[in-house]
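Sending over a structure as structure tokens; questions will come in a sec.
As written, the chains take the letters A, B, C and D, and residue 1 is the first residue of each chain.
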Amino acid sequence: MKKILLAAWMLLILVTLQSFSQNLNNIQLEHMRQQSVRKEINLPDILGYTTLKGDFHMHSVFSDGIVWPTLRVDEAWQEGLDAIAITEHIEHRPHREFVKGDHNSPYEIALPRAQQLDIILIRSGEITRSMPPGHLIAMFLDDLNALETPDVIDALQVAADQGAFIFWCHPGWKAQQPDTTLWMQEHQNILDKGLMHGIEVFNEKEWYPIALDWGLKKDLAILGFSDIHAVTSHYYDLTNGHRPMTLIFAKDRSEEAIKDAMFNGRTVAWFDNKLAGKEEYLRAIFDASVTFKDTGHEQRGKKLVKVQNHFAIPFFVTDNEGNSTILPAEKEIVVPIQAGTTSFEVTNLFIRSQENLKVKVNL
Amino acid sequence: MKKILLAAWMLLILVTLQSFSQNLNNIQLEHMRQQSVRKEINLPDILGYTTLKGDFHMHSVFSDGIVWPTLRVDEAWQEGLDAIAITEHIEHRPHREFVKGDHNSPYEIALPRAQQLDIILIRSGEITRSMPPGHLIAMFLDDLNALETPDVIDALQVAADQGAFIFWCHPGWKAQQPDTTLWMQEHQNILDKGLMHGIEVFNEKEWYPIALDWGLKKDLAILGFSDIHAVTSHYYDLTNGHRPMTLIFAKDRSEEAIKDAMFNGRTVAWFDNKLAGKEEYLRAIFDASVTFKDTGHEQRGKKLVKVQNHFAIPFFVTDNEGNSTILPAEKEIVVPIQAGTTSFEVTNLFIRSQENLKVKVNL
Amino acid sequence: MKKILLAAWMLLILVTLQSFSQNLNNIQLEHMRQQSVRKEINLPDILGYTTLKGDFHMHSVFSDGIVWPTLRVDEAWQEGLDAIAITEHIEHRPHREFVKGDHNSPYEIALPRAQQLDIILIRSGEITRSMPPGHLIAMFLDDLNALETPDVIDALQVAADQGAFIFWCHPGWKAQQPDTTLWMQEHQNILDKGLMHGIEVFNEKEWYPIALDWGLKKDLAILGFSDIHAVTSHYYDLTNGHRPMTLIFAKDRSEEAIKDAMFNGRTVAWFDNKLAGKEEYLRAIFDASVTFKDTGHEQRGKKLVKVQNHFAIPFFVTDNEGNSTILPAEKEIVVPIQAGTTSFEVTNLFIRSQENLKVKVNL
Amino acid sequence: MKKILLAAWMLLILVTLQSFSQNLNNIQLEHMRQQSVRKEINLPDILGYTTLKGDFHMHSVFSDGIVWPTLRVDEAWQEGLDAIAITEHIEHRPHREFVKGDHNSPYEIALPRAQQLDIILIRSGEITRSMPPGHLIAMFLDDLNALETPDVIDALQVAADQGAFIFWCHPGWKAQQPDTTLWMQEHQNILDKGLMHGIEVFNEKEWYPIALDWGLKKDLAILGFSDIHAVTSHYYDLTNGHRPMTLIFAKDRSEEAIKDAMFNGRTVAWFDNKLAGKEEYLRAIFDASVTFKDTGHEQRGKKLVKVQNHFAIPFFVTDNEGNSTILPAEKEIVVPIQAGTTSFEVTNLFIRSQENLKVKVNL
């Protein structure tokens, strides 16, 4: 009996010690792995619309990019986007010797991953011609292969027949417009034929102020996209910033609602802390983001005011005397402001190429 | 005359103002772009050898990776590596429907970029079989297509006939060794035939201590590699850490010298602040990195000592009383140390699975 | 006439050029300055209470700290705290040769700054004795000078007579409890006299699990504070973490409500991603923070689930099979979870020294 | 016998388990504490001199700063400085009600810490007057109390009699020079009397280009200092940048050698990636930092060149065609450069207020 007890005890010991013994087989150094997480971009919904974030200009190995299409979905999910389009060049496929498939392949490869991660993937492609008219992207297509036509107007018409939203890409790209960014007769023709509905004012790392004026005047959706070919986190500093993207004021979070918003020009382009678009949208975003609250204390004859920016876009404000202050994203500052009405320019909100949003605060 | 003067002045004005006027065409937001830079990893050269950093296990779209081969070169250059091998699975090509080319294609595509950036690219491939023997990588090959043989021993022999250095990959990978990490008869056979020259002790995010003991006992090169399929900066935190890699103590910075070093076992595996390998190399690295200097001041009966770690590997030291201190990479600390001889264990330097390097300091 | 015109033009030129000319007098390099901003800590309000964040243990130059009292307010504001107490040692003032004033001075110096920044500053002090009973902090005082009494019980009684909330500081501090953390007869006496209402389970960088059990059993408020003497951003990594603090579930954001909550034990201590306190509060925080949403897709026979953590505390969950996952703060992950009911332990939520919160999810 | 064996076994078990049992008394969360480390600033020694880094303008609670004097030493050590001066205002002590001691007290309090950490502490003070002449700092003093004189010239003369090096602080400070930064008659008088030996071109966050021209013309040492009152890491982003400081080209690392270097004008001011000073020093720093190496490969008709910057100062270079490139600190880039001789301006190296260093490279 005692022997049995002893044996049982010894077994217990061994089992117990075993559970404490060091693992020599395979130690998972999980802390060395970066967890794949989505970082939401907190933006206000405005004017009764849901604010969605989209990047509708990017490439994979299927044209001249260097990543597999599914990576575009993973990047977008991690960076807080709602919707993307992988927009291969129809006419330019430098990896063609090794990468086969047709113009619909990248969409079809990426779609299951997009569905898993709830990213809206929009079937789109880039019609890639010399200037004029340069490059145009057609979105919301049924069949990209139909865009392979010799004449650019034919290609745009084929896209339009599929119900496409079409926008002019990087109108100021120096490879195609080396000196002055021009709106040429060919662009007017395309517009007149109803084959242009939007225009990029930001592309990659570039900003075309003149294109904002054109877009506002000609009633085009104001757009900004990454045109990324490499890995986004290699090209942009995603810790402190983000890729160029477009805010879309949509009725709901669906491809259909995005299409409706884009055709109705409910967009704002966002990059480098700059928002470019219609005054009403920029004002609504500012008003929904920033609150001013008197602390009840004074500093050198001015009121000490708590200014809170509740959302992800910082604002750079300058008063009439030229004093500048940053209202940092999702943070609060306490600053002295003159009692009464103060007017500010928000110098990172562009309602025209050379005009910033003006706001007033009464304290 | 005066009219001409006036006109000249006005022209001057206009030209001058023009040069100050705002650019509305294309503003390059260069500050938003991350510059592509190489960050050198500062490590000491030891024992008369040059210390090179290599990662010889990784994938591209040509097997089950998600990036183009050239990106592997760019990553390696940015992360301070000297040499890489793109090691596609010979037998596993899930993107085969879209990605064509033969087993040499990834090497040939990446080579021009490697030459531009002075990264040593080694033609290599992964023989991918079920356990035993699991996966083995053959390096320094002439023709990868010859490895496509039904029998694994044949494939290894073909590689060996090309002069290959062959190593066993992730010996403790749970998909193939779910419980205990075992050295099987098949591995002994391969070793006996002269078809195994190295072994991974780190792979991806895993650490196989038992494999260090095997490697030291069987005179295999001790290796650690990333086996990266995604983007390295997505998988690892490259701001504060680095991918798994192997330090190679080579006669010079050349493919030939790397091959010589590997066949002669002059390697140490590095990951998660852990170095694993032969005692002589770990001791040489520690001694070349750390200096102790008496400040001439005292604190609570101990000498205040300036401890400088001149290189990129931090050291975690514990004295006989269990007091632990970090000697951070490329930094200096000032700490109290008992006068006389003090013994430390360097708990992140592994000279066996359960044995750390011991060092002494006399003050 | 033309001369005048010419002169006018020239004047215009000069004025214009002047406005473009380089400023050689004083260029403000504002981008080199860190803006003073408050970073809110997003936590859920629970059970009908407002969740406030307090640190009620810290020092300035008036005892053995190395900063001016106002800096404690600025730090607290920047780090998102709602309330602080500067708790100088009554009996230990090593800078006394140079720093004068009475025990109320630090409070009085810091108060105007606290009012400007809307930080609730609570007049408090640290009764600093050898063990037993060690150090105790008395809060919500009228006059700190009255605490200068030879006998510790007298000092506590004077504080209690002023309506003080009193808590035992760092009960496991090795300088006073070198081996085992003990609840001594003296502590029982103090408790029995009604002179102890709370206990620190976190202090500085230490965690006393046994004190959590005592606190829960003896109905003391569970507390965690920094006891900071240096600069908080020097001592803690505020980029990735935060100082030890206590969450207070208060009826509103006022000193009175904090006092009420503390006397009623509505507190949870927070440090190093650990929350320690009563089960009901930890469960309420978890439930208010995390949402599980079926994506409608599957992965290897499990449901793909979107798990969102809406607030600032990450959760470390482990299922019955030992699989661990992090739910990162204010982020979303997508993970496969078995259909049906799954039980988790939340290994960073401590409802006793060795017991974690258990949660279930039905999918 | 068996009972004894059993008892012995049980004892062994208990002891063994005990050693594995969880510590409930006091768990040191050391990973939550930031280790106090020195981060060396790697700069080249030039022209046979040792390059030292000094900040000789800062405050503590003894004038209008908010930290204890010893913290200034700790900050300096951590930030890689070699030498500092704590320069309290002789005439302005707003904490005087609480902080006592004489003008030598801050030096005497900080000195033991400076000796431990091998920071050269220089006894200095700030003569603080209205404009003209504004503020001047006297260094290398024997007794600061002697500077308390009604007349500013007397104070400067007393300092000079102690062998002081005297410099004009923030000559363009708007509180004293609101419009144009002027060299007044009073400054000329002080210079003529031999009572001014240096001038700040950087102070706090300001840059006075005109003061660089004055300094070079009048043979004053070119200086840049922080004038820090708060905590340096609160005021500056020390992760990506550094405080304003002066590089001193000294015969060795000693107070005597610093004094010699300053009296002989062997200094360069450094802030915001800008170096300001004599051409010969800036050229020597650039030449010692940057190497160009032809890779032997070409890109679009230009040579691909490996450009390495071995030290801590980045350089911003612009070629004759206006193309700009950054040579990041301690990193390597590979860029295409025209064969032959290329001229660059290094736009962050100022040899006069409006003139940058020009360099040539032959490839």
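The rule is short, and it goes like this: contacts are C-beta pairs under 8 Å (C-beta built on N, C-alpha and C of every residue); 3 or more make two chains touch, one makes a residue touch a chain.
Note that this is a predicted model, so its numbers are computed, not measured.
*Asks:* Over half of the contact pairs shared by residue number: find the pair among A-C, A-B or B-D that meets that against C-D.
*Replies:* A-B
*Asks:* Return the chain whose centre of C-alpha atoms lies at maximal distance from the corresponding centre of chain A.
*Replies:* D
*Asks:* Indicate the whole-number Å distance between the mean C-alpha point of chain B and the mean C-alpha point of chain D.
*Replies:* The separation of the two C-alpha centroids amounts to 35 Å.
*Asks:* Indicate the whole-number Å distance between the mean C-alpha point of chain B and the mean C-alpha point of chain C.
*Replies:* 40
*Asks:* With chain centres defined as C-alpha means, what is the inter-centre distance between chain A and chain B in Å?
*Replies:* 34
*Asks:* At least two other chains touched by the same residue of chain C: list those residues.
*Replies:* Answer for chain C, listing residues that touch two or more other chains: 30, 36.
*Asks:* Sort out for me which residues of chain A touch chain B in the complex.
*Replies:* Against chain B, chain A makes touches at 22-34, 36, 61-62, 65-68, 70-71, 74, 95, 97-101, 105, 109, 172-174, 177, 179-181, 205-210, 213, 230-231, 233-237, 239, 241, 271-272, 353-354.
*Asks:* Which part of chain B faces chain D closely enough to touch in the complex?
*Replies:* Of all residues in chain B, those touching chain D are 30, 35-40, 77, 115-118, 295, 297, 299, 304, 306, 324, 326, 328, 330-334.
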